[in-house]
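Sharing a structure here in structure tokens format.
So that you can tell them apart, the chains are marked A, B, C, D, E and F in the order they are listed, and the count of residues begins at 1 in each.
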Amino acid sequence: MRIKIINPNTTQSMTDKIGACARAVARPGTEIVAVSPAMGPASIESHYDEALAVPGLLQEIAAGERDGIDGYVIACFGDPGLLAARELAAGPVLGIAEAAMHLASMLGSSFSVVTTLGRTIGQARHLAEAYGMARFCANVRACELPVLELEDPRSGARERIVAECRRALDEDGSDVIVLGCAGMADLCEHVADVLGVPVIDGVAAATQLVESMVNLRLRTSKRGELARPLPKAYSGALQGFAIRG
Amino acid sequence: MRIKIINPNTTQSMTDKIGACARAVARPGTEIVAVSPAMGPASIESHYDEALAVPGLLQEIAAGERDGIDGYVIACFGDPGLLAARELAAGPVLGIAEAAMHLASMLGSSFSVVTTLGRTIGQARHLAEAYGMARFCANVRACELPVLELEDPRSGARERIVAECRRALDEDGSDVIVLGCAGMADLCEHVADVLGVPVIDGVAAATQLVESMVNLRLRTSKRGELARPLPKAYSGALQGFAIRG
Amino acid sequence: MRIKIINPNTTQSMTDKIGACARAVARPGTEIVAVSPAMGPASIESHYDEALAVPGLLQEIAAGERDGIDGYVIACFGDPGLLAARELAAGPVLGIAEAAMHLASMLGSSFSVVTTLGRTIGQARHLAEAYGMARFCANVRACELPVLELEDPRSGARERIVAECRRALDEDGSDVIVLGCAGMADLCEHVADVLGVPVIDGVAAATQLVESMVNLRLRTSKRGELARPLPKAYSGALQGFAIRG
Amino acid sequence: MRIKIINPNTTQSMTDKIGACARAVARPGTEIVAVSPAMGPASIESHYDEALAVPGLLQEIAAGERDGIDGYVIACFGDPGLLAARELAAGPVLGIAEAAMHLASMLGSSFSVVTTLGRTIGQARHLAEAYGMARFCANVRACELPVLELEDPRSGARERIVAECRRALDEDGSDVIVLGCAGMADLCEHVADVLGVPVIDGVAAATQLVESMVNLRLRTSKRGELARPLPKAYSGALQGFAIRG
Amino acid sequence: MRIKIINPNTTQSMTDKIGACARAVARPGTEIVAVSPAMGPASIESHYDEALAVPGLLQEIAAGERDGIDGYVIACFGDPGLLAARELAAGPVLGIAEAAMHLASMLGSSFSVVTTLGRTIGQARHLAEAYGMARFCANVRACELPVLELEDPRSGARERIVAECRRALDEDGSDVIVLGCAGMADLCEHVADVLGVPVIDGVAAATQLVESMVNLRLRTSKRGELARPLPKAYSGALQGFAIRG
Amino acid sequence: MRIKIINPNTTQSMTDKIGACARAVARPGTEIVAVSPAMGPASIESHYDEALAVPGLLQEIAAGERDGIDGYVIACFGDPGLLAARELAAGPVLGIAEAAMHLASMLGSSFSVVTTLGRTIGQARHLAEAYGMARFCANVRACELPVLELEDPRSGARERIVAECRRALDEDGSDVIVLGCAGMADLCEHVADVLGVPVIDGVAAATQLVESMVNLRLRTSKRGELARPLPKAYSGALQGFAIRG
């Protein structure tokens, strides 16, 4: 099977890291295709960045459909464009926040999310609410690390993340950690080893869930809200996004 | 004061109608600027259409900020790009579903939304939930009218909407009607006259609320989640969306 | 249009202040009628005070109906008698907690209420829950100031309120402040200037919202729960409240 | 022990019936004092009636405190003035909707309320929500019987109530019935015999619960929201309600 | 009437204490039968202990049905086997957490639970949620006392519980205390005297509620989810639990 | 890896079927061990049956721990004993209702559960609520088929299930079906083919999710509520369940 992991920002080093993390957990027969969109922000740290990452993401979904991709992962913790992507895709599409939160709810009594900048805490809470996971989400905490500093080995990111995770366990009463950024995927094993509790990276989690769905022949329901978009005219710079009848 | 009403689809006849409805309720000293974006879908009937209406919408918000606009209305019942637009704007930004649902909750015990296509029911429910209005929303109903048929006087839209509203009052136990599409703005008075209950058009409602906020000197809070987006590189066709430092 | 602002307590200096604040934001053509009831408590600081403020309030609504008033504001943060007043009135009736909370939810990610005595915190929470605003209400905090001290310029109220608002922003993670007493209406501008975030006074907010509803010809729905009370006998000191058939 | 049952309307025949129903279930040593207030509406069928029943009700609570009453029942299904009464009383105060809904939630998987006029359905729902009982409340149904027709043996009330209860069991999936008016107290046994499921009359339920609380020496907490009202001036016709310091 | 109080653990000294506490509050004509099951754990401090206390508990319910018992109390704060017991019993069955939380919600604005080991906090929260009491439950706190230390007069349990209750009132904003273990039943009066707020022991609370239900002829509804279990084969060590047709 | 699938009832033909369904979806390297407990009910159709299936289930978990099992599936749609099993196991433990509902929430806008007897609808709803999935669960429907009739090819079960699923899609507005009994596992493919929407069998879903968790080295958190049970004495027929220190 072929799973496409879309890093919705345009930073290739992060895409490479995400792809490697997905491949490390994928089943033998699974081909992981990891891409960045052709347009959009270098990192996603606001609703604005998120919204503008979506057109490039949807292009990659459309391309994936032409290529016969079996399922998709949206590798940004804000899960941008999730429902739009599901309308476009025949197979399953998962966000990494979604996948991580669902797994976390089955491994302990509650989880804390540890994310990058404080300004993104709101979006993590909105998602927990929308997915029915708010009752399991003890807290969302920020390290105040910009996303791209995660790419810099001298940033001290690893230590700051571990320290914030410890505070989460001590102060929030939670017993599971969810890493709140795709750029933390490569730190998951280290953090888990140090903390001794389940630590969930959404990239790995979503990759596994999409593989499972494809294996079970489960595809996005096309009966209602997520039916394929209707054909219609698009204009201007987005003309190419028009759905043909 | 200057209020910009952004119809996020590119159908100019609908933008003209929306602008007229906003002007009809605006205060004497208010200038209404009604626009369509330079790019995007001709109508919005899916999450996909919504997502792709956002870049053009954000361009209009950015232009509005340069022009000293005091507040904004997003004139599509899915309230696309609402939080991203709020990050960009100094003044208030309201969606028409948001404005209509809030007013409805203060005028009766519960409301029904009457919208266009059944596939958009889900989005109206997501919004009611996100705004805290789910407890007041007795039902969301569709007439199965495509958005652009509302522009066609021969479509029988008016009769079908009135009929669905009657069913809502009879079957849902609601006592207020919310019209679920900006394209229905010009029908509001007629439907209200026929039904004898409050009928709310979000375009008029949001225009009034934004005017009120501007008058009260209330602007979007820049302290947390809705702070102005961070400067960063954008690439490809969306390069122009980069925020400068 | 004529809007009647009812301060449900009998302290005339507070009524005068509330009236002035409402006039300061009202539209040119709007006449603001600010009154206290003929009977009831000098201030409202308990469920008991609230309950006993309602008969006088309802007298003022009934008088307003005879006088052709277009809409009403109940200017006490407990929103006493709101649903009873709506049954009696043809036009819209808003409480100041209701109006302030709704506007707050559209200007930031969450708000804190800063109120007078700690014993009134419960009522603010009940209202947030009843209006669907609990998800936006980060906290309700008290300055432990009796209501009538707000009328005394030497009480240090202004400083204590500003200090509690600062604690709210620092400790609650909120980004909008709601002032939790009609008697704070005249402090709103000062607090907002000092804090640099949106600060909402319910008197001004409700005045604007009622004006908007009247302008939109939106009246209280008479179809269900809020229909006019049925005619029936009333006895004793409340005999005069009987509704005629 | 002495329990005071306050029928908040002024119809003495209903008060007598309610008193008899309470006495029929009270423990041997309990004295039941059943009263109507000296002022207020003849029946309660709106938020307006409810609000205006409260002053008379509070007079009776105040008198009860002087007389050494141990606990109180508010015998109207809207539970008017409940929190105000709790502030005034040292002992427990229960509403009949409150008591009935709590017991119902422990006897089956969900209950239906069968009440008088459709316009009171909203209040029953508000109470279920406020008490945490909404998840157990499958539906609230009305027989469209005015309250005072329950006093008229020729009204056919008994048959209409039984018929509506049957519909509740068949259509709502509930397995317990809550009678939604104090005036139905004398019908409880008959309805239960006919239906073969638990049928709860709030008057009997609340009487038992208050007796239990008194027996357990449980009194209303005076630590926070329900502390005794503060002393202050009251004016006009309500002057006598002032709390002394 | 005869009420059976089942302590689901096998520690006889605790059963004796629980029986004495129930007898101290029961009505004159009520016979209290207090038992421990013939099999199961010596104390209940985990979901595992709870699950394995249930078979012995159900044996006692079945025996009670043969003996004509009128109602039952499950005297462990995790309310183990509650719904299964209700299926088996004709009369009412209450858990002590359930009874205590319901009463607490009617005596103040919110309650704190003070329990034994921290690992049981989760179960108390699950129950508060399931009973609709989460909105009244300000916090659940643990003294980190093993259940059986409550049986040891030298353990200092009384002082530690009082100290934790004080912290609850100071830090949680609650105004009622719920004792979170049947083994604390004998401490209730002391703790209440020291704290001056309502303190609720679930054993006494549930005993009173079951008595009330029996007195009101209210029995478990057999119409739906709680109908008597269907006859079927059981095998192995649990063969004796088979229901006969 | 080795996954143990525990059918908590003692009907071997159902266990064989469940094992086959799990093997059909398991990864090449996974060994599926499918067992029934040594004691308990032949089928699970009540809270009573569920409670008494748990001891045998826990014996199988304990045996699995000694055998080095990597993860567990509880193959009954009531998810009996889930939290107790998690305390006992080092690896992940999933219930089939839990797994199916989580996957369903990611494949459409809402799902309907189609189960066996109407009396089990309540338990499915309790689980949806506890897992945060209530917002996605449009309805729970019963075919009124006893569990063991699913084992009888002449029962017409397949047709009745398909018919009820059709009604679900038509009347509930859902777009995904969840099969509400482990005994329906072999019908999943057929029902999906006929209906053309995603149809989820919990046995396959849970098998995949447990495999994914094991592959990600995610184990049950032992930090809080789900820590291993404390050592203590057990007596009577359950003596063997004592945890050693």
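Note that in this section a contact is a pair of C-beta atoms (placed from the backbone, for glycine too) under 8 Å apart; a residue touches a chain by one contact, two chains touch by 3 or more.
Since this is a predicted model, take the numbers as computed values, not measurements.
A repeat of the E-F interface exists among B-C, A-F or C-D; more than half of the contact pairs are identical by residue number at C-D.
Fitting subunit A to subunit C on Cα positions gives a rotation angle of 120°, stated in steps of 5. A straight line joining the Cα centres of subunit C and subunit E is 44 Å long. Centroids built from CA atoms put subunit F at 52 Å from subunit C.
Among the residues of subunit D, those touching two or more other chains are numbered 109, 121-122, 129, 135, 173, 224-226. Subunit A contributes residues 25, 27-28, 92, 94, 98, 102-103, 105-109, 131-136, 169, 173-176, 189, 192, 196-198, 200, 204-205, 208-209, 211-213, 215-226 to its touches with subunit F in the complex. Those residues of subunit C lying in contact with subunit D across their complex are 10, 37-43, 45-52, 54-56, 58, 81, 83-84, 86-88, 118-119, 121-123, 126, 129-130, 146, 224-227, 229-230, 232-239, 241-243.
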